[in-house]
Amino acid sequence: MATLEIVNVRKSFGAVEVLKGVDIKAEDGEFLVLVGPSGCGKSTLLNSIAGLQSNDSGEIRIDGEDVSNLHPKDRDIAMVFQTYALYPNLSVWENIAFPLESRKVAKKERRKEAERVAELLHLTDYLDRKPRQLSGGQRQRVAMGRALVRDPQVFLFDEPLSNLDAKLRVVMRTEIKKMHRTLGTTMVYVTHDQIEAMTLATKIVVLKGGEVQQVGSPDEVYNTPANMFVAGFMGSPSMNFLEGTLRQAGQEARMDIVRPDGGVVALVLPVGEALAQEFDGRKVIIGVRPEAMVDEESETKDGTYQQIDWPLEILEPTGADTIAVLQSNLEGGEEEMVARFAARTSARPGAMVQLNIDISAVVLFDPDSEKAIYHAAAPEEAGKLVHLHPARNTAG
Amino acid sequence: MKLKRKCAAFLAVSAVALSSATPVLAQGKLDIIHWWTSGGELAGIEVLRENIEAQGIEWIDAASAGGAGTNARTLFRTRVQAGDPPAVMQALGTEVNEWAETGILGDLTALADEEGWYDLVPEPLHPFMNVDGSTVAVPAVWSQINWVWGNKAIFEEHGVAPPQTWDELVAAAKVFKDAGITPIAHGGQPWQDTAIFDGILVSFDDPEFYKKVAFEQDRETLEGPMFREAMERLRWYSQQLDEASPGREWTQAQAMVLNGEAAMSWMGDWAKGWRVAQGQKAGEDFICFPTPGSNDMFVWLADFFFFPRIEGEADNAAQQAFASAVMEKQFQHDFSLIKNGLPVRTDVDNAEWDDCTRDSIARAERANERGGLVASLGFAHSARSDVQGVFRDTLSEFVNTPDMSVDEGIEILIDGLDSL
Amino acid sequence: MHDIVLGERSTTDRILRALVYAILIGFVLFYLAPLYVMVVTSVKSLEEILAGGLLNLPKKLDFYGWDEAWNNACVGTECRGMAPFMINSLIASTLATIIPTAIGALNGYALSLWRFKGSELFFGMLLFGAFIPFQIVLLPMASFLGWIGWSSSLTGLTFTYIVYGLPFTTLYFRNFFVSFPIDLVNAAKIDGIGYFRFFWRVALPSSVPIMIVSVIWQFTNTWNDFLFASTMTKLESATVMVALNNFVEVANGVKRYNVDMAAAIIAGLPTLVVYLVAGRYFLRGLMAGAVKG
Amino acid sequence: MAITDNSIHVPTSQPRKLRKGTTWVGRNLPWLTLLPTGILGAIFIYGFIVLTIYISMSASKLVPDYTFVGFEQWAKLWGMRRWGIAVNNLFVFSGLFILFATTIGLVLAILLDQRIRHEGAIRTIILYPMALSFIVTGTAWKWILNPGLGIESLLHDWGFVEAQFDWLVRRDRAIYTVVLAAVWQSSGFIMAIFLASLRGIDPSIMQSAMMDGASSWRIYRRIIIPQLRPAFFTAVVILLHMAIKSYDLVIALTNGGPGTATDLPSTFMYDYAFDRSRIAIGAASATMMLFTIAAIIVPYLYSELRSHNRSRGHA
């Protein structure tokens, strides 16, 4: 068990800089999830931690010790690969026990260890099979078994569930989570699936273009996204964005929003005097999660909801509720918005609908820097973000 | 019982050891590259082998058949290149000189002086044995090339007498052709195409002409009327063959005459050796006559053995013993009989020779008196191998290209010689 | 499968289809003819052969040709038949199959799964060696073998086959391992599986198909080789191809076609059997040698 | 599928830290493995090539003689009539060989791609000559083409009394018999290359063309054959390479004859280097062969390796 520190790691492939100075710290026993779209550098970062490639600069510290120049095998880590990387010619038990082989563990001992791990993973019946005789989920478990048998300081997972079907993915997700809870070992997990990130992580790192966008607990990342990218990336369906102009009104601010059809609606936001003053008369973008944008039939708490009228385009019933698709006013009206309506909504496509917006869950962004300037959930934090890094507003 | 057997075995071993030890004069081993693999040649070399092995020398045969030594030469060159030359190598004419000049050959001068080789061996052979005052090779046999072998039955059946002149030859060939018999059996390999040209060159009965062409490659002579005529005769010759001749081995051509498929064939006297090995008799089954017009000419080749310098005293002694054995009177007698050729010693008893060989000896003497005893061009005796190579390539192309004109042939030949 | 030319419906289609079969049968006969002629000629008596009838079945089976070819055929002055030369070929080809395949496996493994700076260049340079006309190395090789004391020996020939087989075997294994999931190597690195252990326990056991390809390629190529064999052997060390050529070329007197054909079949039989048993791998070897990467 | 808390224990057999520094050898194993092959290649491929080229510029005749004479031997070589014939033959031979082998290979591949019954057996038969030595097949062809007893006599037996098939022994035709035997031997392989390529074409492309009413001839000519371009390219390179290296077949079939009619650079080289006393000329001719092959193969290998790397990309 160990802490993991990534200090200013940089890596280029040819002219392409894939990691642009990454700093992350994971406490002992943390479940760190690296999430981001493909090409964001998350796999490269994982390979750096594993030692499968060298960094151009920076340090990887495991348990406080710099391992940057150590061979992968000397870092005391174990890794589960997206492709499982099972040795095709070895049986399940040999695959699991293979790491022990080069540690000069006797064959009998190895078999015993493999059996022990196999039992944990419900593979006991398959010990003597070859990988090709196993289902996808079983292979996945063999790969985990091979990592488990090592009992390393850090586990690394490289999109381990992406080759499984949706149902199995959910099951295995739970398995991994349980495993983490039981073992308590530090884990680093790479995924492009934000749901996996949300469900598994104790700490999420959102990456984009080789840069860390935000580090935080799942709750922080979801509710107080640092910028529009994080806000849009985390959550499904993703956050809706609307453009409007802010007008100071004392402690509050009124946001005028021009609808695609030319009508104007307004929201009143308790942003505080300073912010209201700073952005008075300026364009801002408001982010509203689908679940914070509901219809009349939905249950709404008093006080935090405000109503605006908006033209409804399409309704997609899902059973439990209804997904409403509306047109955003961003990008000349090309963007869509998604709202979560009640299952038995009375709204009709093509007509105006009254949207109830939960003001206590919105986020405001500066359209130029795309950074968050106000989190309704935690007002002071967003302010900090904006004022601490006024110069670094080029993300994206 | 057991003991008894052991004793017996011991005695047997001792007996073998004793018996093999007694007659040993020299020891060591010889590996010999040669290309005598057919009929009389093979029988001839066996005589030598018995002689050598009787001296307790191990005989390692590295015979390589085919193409008048082509394969054997390749083998030899590779082994020289590899620094592992054989103890004995068969060679024709100027090949000896060429190899002697590379400095890889051992010296036999002492042995030659001791045994008085130069008094015994006919003078024309001396230049190939002695290079720059040192004896490097020993001749084994010399052969007349301008021979024609005929199927006696066919000649008699069609009432054809052995032609004495070129015109008679042309007439005879016509008779055979009309009767549906291939006039001349030929092995269409480049060396054979060149060998028969030796016969054509002497068919003019003009020693001076032969020397100008074969020794000097005199341009004026090559462009002259007689050489033109020689090429015409070669063209005529090429028209007397069956269509399947290209690529054929010489023994197959001989077999065609023997089987009555063809009336005659041109080949050196080793062809007689082959016939004798097939149980044929000169004068009874086959007739021999010189290429028409060359009754007083004798174009010859000689087979030599030379001896690359090798390590090991015993092996060197074995080389000397081999040379000595080749020059031995009895061997020369036996060998010339079996292989069929002339002995390289002048003092060999001639009682057992057949008419053809006697005829050959007489021809050699006649020819020698008028300067008509000449070394072969086709086998690189009169000129080095690069000159011979040009003749070989050109003549072979000429023989195999029916529509190539004589002028064209001569032009190609001269161009080739000029480019050397 | 593309069966555009031929549907199954109309009369025209049926005629076309018949035509396709007719052409194919024609080609099949063309390809089989030489083998057929060889076989029937080898079991005819010489008289029957000389009487003509190239394609006729033998009137009477006569195994004289086979007997002579196997037991008495003369190469040079040695009349011991093809058997000793078959053994020479077998020794040379076996060694020249096993050793380059083993080395090539290791080479290909290193070149594909453990790339290093310059490994592609190394591969390219080695690959070129598979395409050179061997005439270019003939003279120096002969000198080298003599210098080392292996001239005109089976050892020297085998060594030559091994050296010039390496580019091919390396090519096979390299191209095979290139499609090996790189994650396996990464997993091994992390788990501390050593270079050789991974090769021995994982890479090599998985490479059986390409090993067969390599073995077949090396075996057929060295068995069929003539250029090296004819320059680098002498009578005792001659391979069966050299012996066959010598034997067929140098007929003493009348050509015995039945013996020639029997000898040719004997010389060609081992590779033919290999082809019939493992033709798929044989083709794969050819293709891999043709289409790089 | 539950992992219960008490089921996990840390195996005591494993030391907690496994920091053994990797040795120099350990880090450099990949290229160390290649070292023996690298040394062999450096000597026996590149060293020998350089040596042969040097010999071709030396005064060597019977034995190597390392006196440098520049390009004198090369000039001599190109002045030789026989070399001219050999080069000319190479052009004729390789041109016809490539033309026929490619055409026959393509036709066979297209025919075999028509859901043919016993396709496997037919392919086996068409390809078997590739498994045989040229020496073996040359022996057979020599017998078949032999004017006295071969095809010609067969034609006579069949009543074509006037028929002549004496190409093997005719100076101006013998090279075509070499082409015939070479095509027979290699066209099956070319068929396999084309067939593999044909099978790689998406059948839906052709189905849609058929729906559009294109005739099968047009589909092949306009859609399929153009897609076989890489296969054509491969086939031509392979065949050209085979043609230049062809040696055994000529030796076994005609031995360069009649005369020098079927001489190729490969047989010329052998003759001069080993039968005649002209090592330098032999080396010069080998050098020419190498240059010709290099001119074809180097760009080919370069493009193949590059396109391969591109398609693999970076992980």
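Note that the chains are named A, B, C and D in the order they appear, and that numbering of residues resets to 1 at the start of each chain.
Please note the rule applied: a residue touches a chain if its C-beta (ideal position, glycine included) is under 8 Å from a C-beta of that chain, and two chains touch if they have at least 3 such contacts.
Keep in mind the model is a prediction, meaning the values are calculated, not measured.
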> Among the remaining chains, which ones contact both chain A and chain D?
Replying inline: C
> For which pair of chains is the number of C-beta contacts greatest?
Replying inline: C-D
> Among the chains, which one keeps its Cα centre farthest from the Cα centre of chain C?
Replying inline: A
>> Need the CA-centroid distance for the pair chain B / chain C, whole Å please.
In response: 39
> Between chain A and chain C, what is the gap in Å from one C-alpha centre to the other?
Replying inline: 58
>> Can you compute the centre-to-centre distance for chain A and chain B, using the mean CA position of each chain? Integer Å is fine.
In response: 95
> Which residues does chain C have that touch at least 2 chains other than itself?
Replying inline: 139, 143-144, 192, 194, 231, 249
> Hey, what residues on chain A touch two or more of the other chains?
Replying inline: 71, 73-74, 103, 150
>> Please output the residue numbers of chain B that touch at least 2 other chains, ranges allowed.
In response: 67, 74, 78, 81
>> If we count contacts the way the header does, which residues on chain B are in touch with chain D in the complex?
In response: 67, 70, 73-74, 77-78, 80-81, 98-99, 101-102, 104, 188-190, 193, 242-247, 385-386, 389, 393-394, 396-402, 412, 415-416, 419
> Which chain B residues qualify as touching chain C in the complex?
Replying inline: 37-39, 42, 45, 61-67, 71, 74-75, 78-79, 81-84, 249, 251-252, 254-255, 258-259, 274, 278
> Tell me, which parts of chain A touch chain C in their complex?
Replying inline: 47, 50-52, 71-75, 77-79, 81-90, 98-99, 101-103, 146, 150, 156
>> Under the definition above, what is the set of chain D residues touching chain C in their complex?
In response: 18, 26, 29-31, 33-34, 36-38, 40-41, 44-49, 51-52, 55, 64, 104, 107-108, 110-116, 122, 124-137, 139-144, 149-151, 153-154, 156-157, 184, 188-189, 192-193, 196, 198-199, 201, 203, 206, 210, 216, 219-220, 224, 234, 238, 241, 244-245, 247-248, 251-252, 255, 266, 269-270, 273-274, 279, 282-283, 285-287, 289-290, 293-294, 297-298, 301-302, 304-305, 307-309, 312, 315
> Touching chain D in the complex: which residues of chain C?
Replying inline: 1-6, 17, 20-21, 23-24, 27-28, 30-35, 37-38, 41, 49-50, 52-55, 103, 106-107, 109-111, 114-116, 118-120, 122-129, 131-141, 143-144, 163-164, 166-167, 170, 178, 182, 192, 194-196, 220, 223-227, 231, 241, 244-245, 248-249, 257, 260-261, 263-265, 267-268, 271-272, 274-276, 279, 282-283, 286-287, 290-293
